[in-house]
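Comments concern the structure below.
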Amino acid sequence: MNYLLFLDILGVIAFSISGVLASMNKRMDVFGILIIAFVTSVGGGTLRDILIGFPVAWMRNLVYVHVIIATVIFAIVFRKKLVYFRRSLFLFDTIGIGLYTVLGIEKGLAAGFPAIICIAIGTMTACFGGVIRDILCNDIPVIFRHKEIYATACILGGLVYFLLLYTSLEDFWVFTISGLVVMIMRTLAVIFKLRLPSVYKQEDISPKL
Amino acid sequence: MNYLLFLDILGVIAFSISGVLASMNKRMDVFGILIIAFVTSVGGGTLRDILIGFPVAWMRNLVYVHVIIATVIFAIVFRKKLVYFRRSLFLFDTIGIGLYTVLGIEKGLAAGFPAIICIAIGTMTACFGGVIRDILCNDIPVIFRHKEIYATACILGGLVYFLLLYTSLEDFWVFTISGLVVMIMRTLAVIFKLRLPSVYKQEDISPKL
Amino acid sequence: MNYLLFLDILGVIAFSISGVLASMNKRMDVFGILIIAFVTSVGGGTLRDILIGFPVAWMRNLVYVHVIIATVIFAIVFRKKLVYFRRSLFLFDTIGIGLYTVLGIEKGLAAGFPAIICIAIGTMTACFGGVIRDILCNDIPVIFRHKEIYATACILGGLVYFLLLYTSLEDFWVFTISGLVVMIMRTLAVIFKLRLPSVYKQEDISPKL
């Protein structure tokens, strides 16, 4: 349980930083930055907890809010360092979806849901924060921009998770490997412009359906 | 109860196909298509169940997920046939809102809510899936594109439902007629460009308020 | 408790009128206007009640729906008067966020949440209705348009609320003053183009991150 809380905090930090970067791109003031960081980082978990029927985690445990506020202050103070990475927003968003995919699956399993529902929960949990962030920041939603591999990486990471459950691997490694699969797959896909085999042929669909 | 489940499955199929068509228009990969189909078809019912306080239907009964996956595979395999209908997306979206309006009302009644709340639940249930689909696909939300008659058809179908409840008609016909009213009204309105009597006069409102 | 209901009704009226004005700008028909007014005015409270775990207020008490319908009829009949205020949409939206910020905090406190969570609930409650309204009307979300001070006014109003709680002021004045702080701060900020001290320096961040 402590391990799950630790993963959750890491995900909150990653998504908070991605929210800070996205809102600083829009030149919001310090409270606007705080709001976007907050909604980005708790959005996915809130959806997850409401769907499962758990009490909403960040409302029961002040550690989330404290971590978000500390992360926002840290990210604003060290913003110059952060933006040296030209791909910082991508980096922290990718860490966030990896962690939230695994965490959503874990919480779904803890509530007794079958594998396929857990993967759906994990994927929606991971994608929801980024979608809200982009809508509020008036950006094209990330799920559409990197459409080839955003949700896809989460689903495939979820499949790996349940394959590994059948092995004799310890839980820790099941979590870690499947989370890394999500992150690495998205990163490689963007770097090498990988795509799944297309379902379209040139003549299949006219441009205007 | 079995009749409601049957209607629900039909609605899930119709909205899944509309999600497949919308996401194929954006040339998403197979998992992207699956996600959009999934969110479109369970979105409305999820909102409905959370508002009413029921457990979320698709999380308790695997038949929904299986139907969605089967529909997505079917729709991808037969995509050429589907797009022969130039208005396929419109068609399946219209079937979906008709079914979900009636279903939302049914579930609202089953939970003991008064007529006007049931109509509100039915309308929001019907419209929510399509709105999410369009936001995630980066289209103008359907509720705005066909603004004259999208939600309007749902509300009027809901009013017909409660008028028919006062007749001696069997439940089956109450469901069927009011569902068809939603679908036919939206279709006719789009074909004949029908609108409700306008509340605007030319001089009423300046273009920039 | 009656005082809270009264504030809630006032907030519903203000957000309903803002929904009517926004949807009339888009020349929606009378049911389209009703839907937008409905979603704008109950959106924030619905999110609040779901997060807190309360039953959703407008589904349990028909007074909300009746007030919304009456307000929409009133606003349509007197639309010429309403639009004489060139800033009517701004005005009613501002009254709405002031009331909903305080109301969200009140309900959070009644449910036993700590101050910082209550401020988060109040801010999200206040902002959510307007964001939905703008997304459905295909406008740039208000939280982004007036980004400098929309959420910021809510957060600062929330801080004032908890400062006043430590004084010997009666509850009525705590509510009223902190609600007015939200409204006045947003209004002054827009009139005088006030901003918080910026976290950006010219050379800090390149325009394209």
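In this document, chain identifiers A, B and C correspond to the written order of the chains, with residue numbering beginning at 1 in each.
The rule we apply is simple: contacts are C-beta pairs under 8 Å (C-beta built on N, C-alpha and C of every residue); 3 or more make two chains touch, one makes a residue touch a chain.
Remember, predicted model here, so these are calculated numbers, not experimental data.
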{"item": "Chain contact graph, described as a line, ring, star, complete graph or other shape", "value": "complete"}
{"item": "Homomeric contact chain A-chain B: same or different residue positions, threshold half", "value": "different"}
{"item": "Distance from chain B to chain A - Cα centre to Cα centre, in angstrom", "value": "29"}
{"item": "Residue numbers of chain A (touch at least two other chains)", "value": "50, 135"}
{"item": "Contact footprint of chain C on chain B as seen in their complex", "value": "50-53, 113-114, 116-117, 120-121, 123-124, 127, 131, 135, 140-141, 143-144, 147-152, 155-156, 195-196, 198-200, 204-206, 209"}
{"item": "Contact footprint of chain B on chain C as seen in their complex", "value": "21, 24-35, 38-39, 46, 50, 55-56, 58-59, 62, 65, 76, 79-80, 83, 86, 88-89, 135-138"}
